[in-house]
Amino acid sequence: MPNTHPCKLVVLITEKALEEKLADDVMHLGAHGYTVADVRGRGSHGNRAGTWDADRSIRMEVLCDANTAVTITTHVEARYFRHYAMVAFVADVGVLRPEKFAG
Amino acid sequence: MPNTHPCKLVVLITEKALEEKLADDVMHLGAHGYTVADVRGRGSHGNRAGTWDADRSIRMEVLCDANTAVTITTHVEARYFRHYAMVAFVADVGVLRPEKFAG
Amino acid sequence: MPNTHPCKLVVLITEKALEEKLADDVMHLGAHGYTVADVRGRGSHGNRAGTWDADRSIRMEVLCDANTAVTITTHVEARYFRHYAMVAFVADVGVLRPEKFAG
Amino acid sequence: MDAIALFFVLGFAARLARSDLKLPAQLYEALSIYLLLAIGLKGGMELAKQSPMDVLPQAVAVIALGIVIPLVAFPILHKLGRLDRFNAASIAGHYGSVSVVTFAVGIDYLSARQLAYEPYLPLFLVLLEMPGIAVGVLLARLGGNTGSVRWGPLLHEIFLGKSMVLLAGGLLIGWAAGPKGLAPLEPFFFGLFKGALCLFLLEMGLVAAAQAGALRTSGAFLAGFAIVMPILSAVFGTVVGTAIGLSAGGTLLLATLAASASYIAAPAAMRIAVPEANPGLSITAALVITFPFNILVGIPLYHYIVGLIHGS
Amino acid sequence: MDAIALFFVLGFAARLARSDLKLPAQLYEALSIYLLLAIGLKGGMELAKQSPMDVLPQAVAVIALGIVIPLVAFPILHKLGRLDRFNAASIAGHYGSVSVVTFAVGIDYLSARQLAYEPYLPLFLVLLEMPGIAVGVLLARLGGNTGSVRWGPLLHEIFLGKSMVLLAGGLLIGWAAGPKGLAPLEPFFFGLFKGALCLFLLEMGLVAAAQAGALRTSGAFLAGFAIVMPILSAVFGTVVGTAIGLSAGGTLLLATLAASASYIAAPAAMRIAVPEANPGLSITAALVITFPFNILVGIPLYHYIVGLIHGS
Amino acid sequence: MDAIALFFVLGFAARLARSDLKLPAQLYEALSIYLLLAIGLKGGMELAKQSPMDVLPQAVAVIALGIVIPLVAFPILHKLGRLDRFNAASIAGHYGSVSVVTFAVGIDYLSARQLAYEPYLPLFLVLLEMPGIAVGVLLARLGGNTGSVRWGPLLHEIFLGKSMVLLAGGLLIGWAAGPKGLAPLEPFFFGLFKGALCLFLLEMGLVAAAQAGALRTSGAFLAGFAIVMPILSAVFGTVVGTAIGLSAGGTLLLATLAASASYIAAPAAMRIAVPEANPGLSITAALVITFPFNILVGIPLYHYIVGLIHGS
């Protein structure tokens, strides 16, 4: 019997230059935390191989409730999609200690 | 037509100091493998920016069957949640070669 | 009200030696991008601790439509499962800007 | 060809040949931190021997040079090259700022030929890093309802960006500690300098070749600009250096600084301050064309130009 | 101020000003591996010249010092400071153990003033790293049904933790190879030492400033403790150093070791052995207050204290 | 025992004792890049003093040596050891190729004893890296409908793999720049060489011990092979070295190269070209047994063998 509670996982993959801004944004928009990993990749902005400053990418993961997930994705869509290399997706997951991530 | 089989993905985000212990734990609790990445982040224990020993974090991913997922999450809840910075969540995924991850 | 559209997330965890080949493969098989992180782990091929060339691993994530997901997983199954340390799984996620990942 | 430049060529050739050679990302970071600190320390140490009153008027002239160059580059890019305001301004900002590694290669060029220069020239490197970027941002934001400049974050990015902190911090420490205080640091910060520079150039060669594909889309105009503009800037630099009384070697270094385009500080600042600009264009121009042009052809050419104008 | 300390100040100031300067995580790791090995090698090389019988009684006294300090610190923290048993014990353990970098700055202080010291002092660094941590864990686990000590993992963590292996391993290699065997390693392990130390201090400044916010919540008592305790320990160290017949320089180094608090080995061991303790408290005390206090103010102060007590 | 070998022992022991000591992955990469470049530069610098016509016939003989060794190893592994074709071919390829670090330890052995050798020997290292791997792949792919060789990717992997590019690139730069051009790079590339080698050996010790568990499954035959084969190859190397007129020191280095097995270039190439082979087997043999055997026991043994055969 699962001991988890439904929660959203928002994942943002984007330029490293945005790391601090995004971190501030998601905290202001209601998230209670986030996790960041260094990644490399390819997309519509070409190959971002991560070997020097300008082509480094990050992957930010945010566990939050459904409303915050919409707020965050709407915000990054409006604010960053046009001018930055960025991909965003949302998954349904089950968390332990749901109170850590809600409202 | 998908060629995958249902499986659980348990994700643990926590202090790097726990890496070896957690690895031992999940293997003993029935997992057949795990994957670890270095991450940084923020949560109820504040900013863990990953710049020196004490504030490094890891993200451990374990593919396993539903029972093992419950066993693992129950274990880490009892053992680590109180004193360590830790977040745990579980997702439903589809794996190839399900026998690798079952029982 | 969610602003996301259903999409597949294919995740491949395997030896670093395969990174360039896999990247070529997924792009040829219809993906429009991918994201790679350096990881370490353990599985049926033993402990791959990531400390030197031969035991480094990567985790590649590909957002794509359901058909491409099947194509990719079928391909890696046929091509790499037998001789390489590799795990593959697929998750259902919701993406913004679905046109980036389709067809 | 200098050993140092050969490392760039090796990296460039390896990448073009699709070798899997890569420098670890954190080694690149470590090397750039090291180079910035070392140059700052060296300059600060020499500055300690100088009277500030002698350097002040020169400093003002050098800052003016950093403001003029992007003001000249912008109309060339915008009117002549028909680049939109954002891209023209961003590229102009890159060329207004400077490249630390090009400067280091310039110093190496002088040492190999045993030509003297004012040893406090790294101060000018620090002074030139910033004004060009600020002018570039202003050009993007002014003249048109293209949004106002958010000066807070921009000044923060410029003055507290990592390259500024390391260069200026090194300068201050070098100045405070003086030659005697730095003596035990010499083997690390000065003895290893050229070797570290070689590794960095190897990496720059790899990066430049990886970006070279973008040349096809960026167009012939930009390629031409990336060669003509440095020469033009070098002439400006030579004139200013001669006017403020620098030696021939010092003038050549100032010309080299003027000719160089930033690919560390400027891209980082522009990405935040002028997101509308396509970073591919400015990086292709600055790193793929101007940087190798300067270290392979430019510096000897500017040496010749300095000989003509400075006349010593 | 010494050039070395200025790097700490630069890092601290840059972080407070919210600069984006960061040292790559693996550079931090590489530097700490290098520093530990280099200190071990240096000490081992010198030990090779020593007769073991001369050093043995001193070693015993030094270990006793490492046991006494946390036993003194614990009641201060627990009774006076009203910290719970776990936090009091963990912090006491940090102050019982030592800081390698503080030791290195102490050596630099002596060299800059050309004061002599017993060259085998790194042995005492190795000896002092461990007992304090073990006493801290004992204090947390004994006296109360607070769970028994799991000695296996703890001893493993202490004796086979990375800093112990590198220090002791370096000591053994240095001792086995001797000055002649190490000669070809000198440029790497000794020539670069001070420069590497500067980079490490830059990073420590960044880290300390990032932790500085925790000062508000950790309270005035802890801040006071983090200044008074090192002075007290330095007095103990001075007494022991004088008693075992060390030179004034050696006594100052022992006082500095006693005064220093661990922020590499102790946090790692405590996190596993005493998870109930809040690492924020001990790190704030050891790294944000005691470490800069020692390198900026403490060492000269202990020099003065040694002058009074050692009387040479 | 040499200081250098002690670092390997330290790493090996630490890992066996389950210490958590680890070198950051990117430090390992940085060190291997550095060592390859440094060896290439050194060899190239010396080659610049040589007339190519003198070296050419020697080079041909050395390449022949690299082809013969895997052809001898393969039947031993396949017929005698009953390993399948893929594993036998892959392991044979590893032993046909060479280990850069073993070579470096060999050079160190000679320097410590002040024995002379032809300074262009790094050229032979470069020449020997590749043929063995190619022969290994051929052995896996020919003889049996086991799939055809895809030469394009294989040649690419061999000639443009990172170790080849760095070694050959360093050689070319060293040759082009000559001793005078490299002088300012000396402190970095030559002064630090032995220290960097020590760190690398520490890491190799950690890695080898981590792999040691695989010994149980790989069997006694392979363990024996991993000791007998290097000795056999060293004899071949000694004969060739003597025949082509190398000095005793140069002959010892060639024997050491022949005896060494690759664990950087060969594993990478085989993983792509012969995926059917189990990398655990070849790495256990080459890294866990042959590598420590060579640096601890082999080189002195080959020195003795050279004495017998070369007779000088």
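By written order: A, B, C, D, E and F. Residues from 1 in each chain.
To be clear about the criterion, a contact is a pair of C-beta atoms (placed from the backbone, for glycine too) under 8 Å apart; a residue touches a chain by one contact, two chains touch by 3 or more.
Listed by chain with UniProt protein names: A, B, C = Transcriptional regulator; D, E, F = Sodium-dependent bicarbonate transport family permease.
These numbers come from a predicted model, not from an experiment.
Participant: In this assembly, which chains make contact with subunit A (Transcriptional regulator) and also with subunit D?
Facilitator: Looking at subunit D and subunit A (Transcriptional regulator) together, no chain touches each of them.
Participant: Any idea whether C-F or A-C has more C-beta pairs in contact?
Facilitator: Result of the comparison of C-F and A-C: A-C.
Participant: With centres defined by CA atoms only, which chain is the most remote from subunit F?
Facilitator: A
Participant: Among all other chains, pick the one whose mean CA position is farthest from the mean CA position of subunit D.
Facilitator: B
Participant: Subunit D to subunit F: how many Å between their CA centres?
Facilitator: So the centroids are 41 Å from each other.
Participant: Among the residues of subunit B (Transcriptional regulator), which ones contact at least 2 other chains?
Facilitator: Each of 37-38, 91 in subunit B (Transcriptional regulator) touches at least two other chains.
Participant: For subunit F, jot down the residues that touch at least 2 other chains.
Facilitator: In subunit F, the residues touching two or more other chains are 20, 22-26, 187, 191-192.
Participant: Name the touching chain pairs, would you?
Facilitator: The set of touching chain pairs is A-B, A-C, A-D, B-C, B-E, C-F, D-E, D-F, E-F.
Participant: Using the touch definition from the top, list the residues of subunit A (Transcriptional regulator) that touch subunit D in their complex.
Facilitator: 15, 17, 21, 38, 46-47, 49-54, 56, 83-84
Participant: Given the complex with subunit C (Transcriptional regulator), which residues does subunit B (Transcriptional regulator) contribute to the contact?
Facilitator: 1-4, 7, 9, 23, 27, 32-38, 63, 91-97, 100
Participant: Mind pulling up the subunit C (Transcriptional regulator) residues that touch subunit B (Transcriptional regulator) in the complex?
Facilitator: Subunit C (Transcriptional regulator) residues touching subunit B (Transcriptional regulator): 11, 13, 37-44, 57, 59, 66, 69-70, 73-74, 77, 81, 87-91.
Participant: Across the complex, what residues on subunit E touch subunit D?
Facilitator: Against subunit D, subunit E makes touches at 1-3, 6-7, 10, 14, 17-27, 108, 111, 187, 191-192, 194-196, 198-199.
Participant: For the complex, give me every residue of subunit D touching subunit E.
Facilitator: Those in contact with subunit E are residues 24-26, 29-30, 33-34, 37, 156, 160-162, 165-166, 169, 172-173, 176-177, 181-182, 184-185, 187-189, 191-192.
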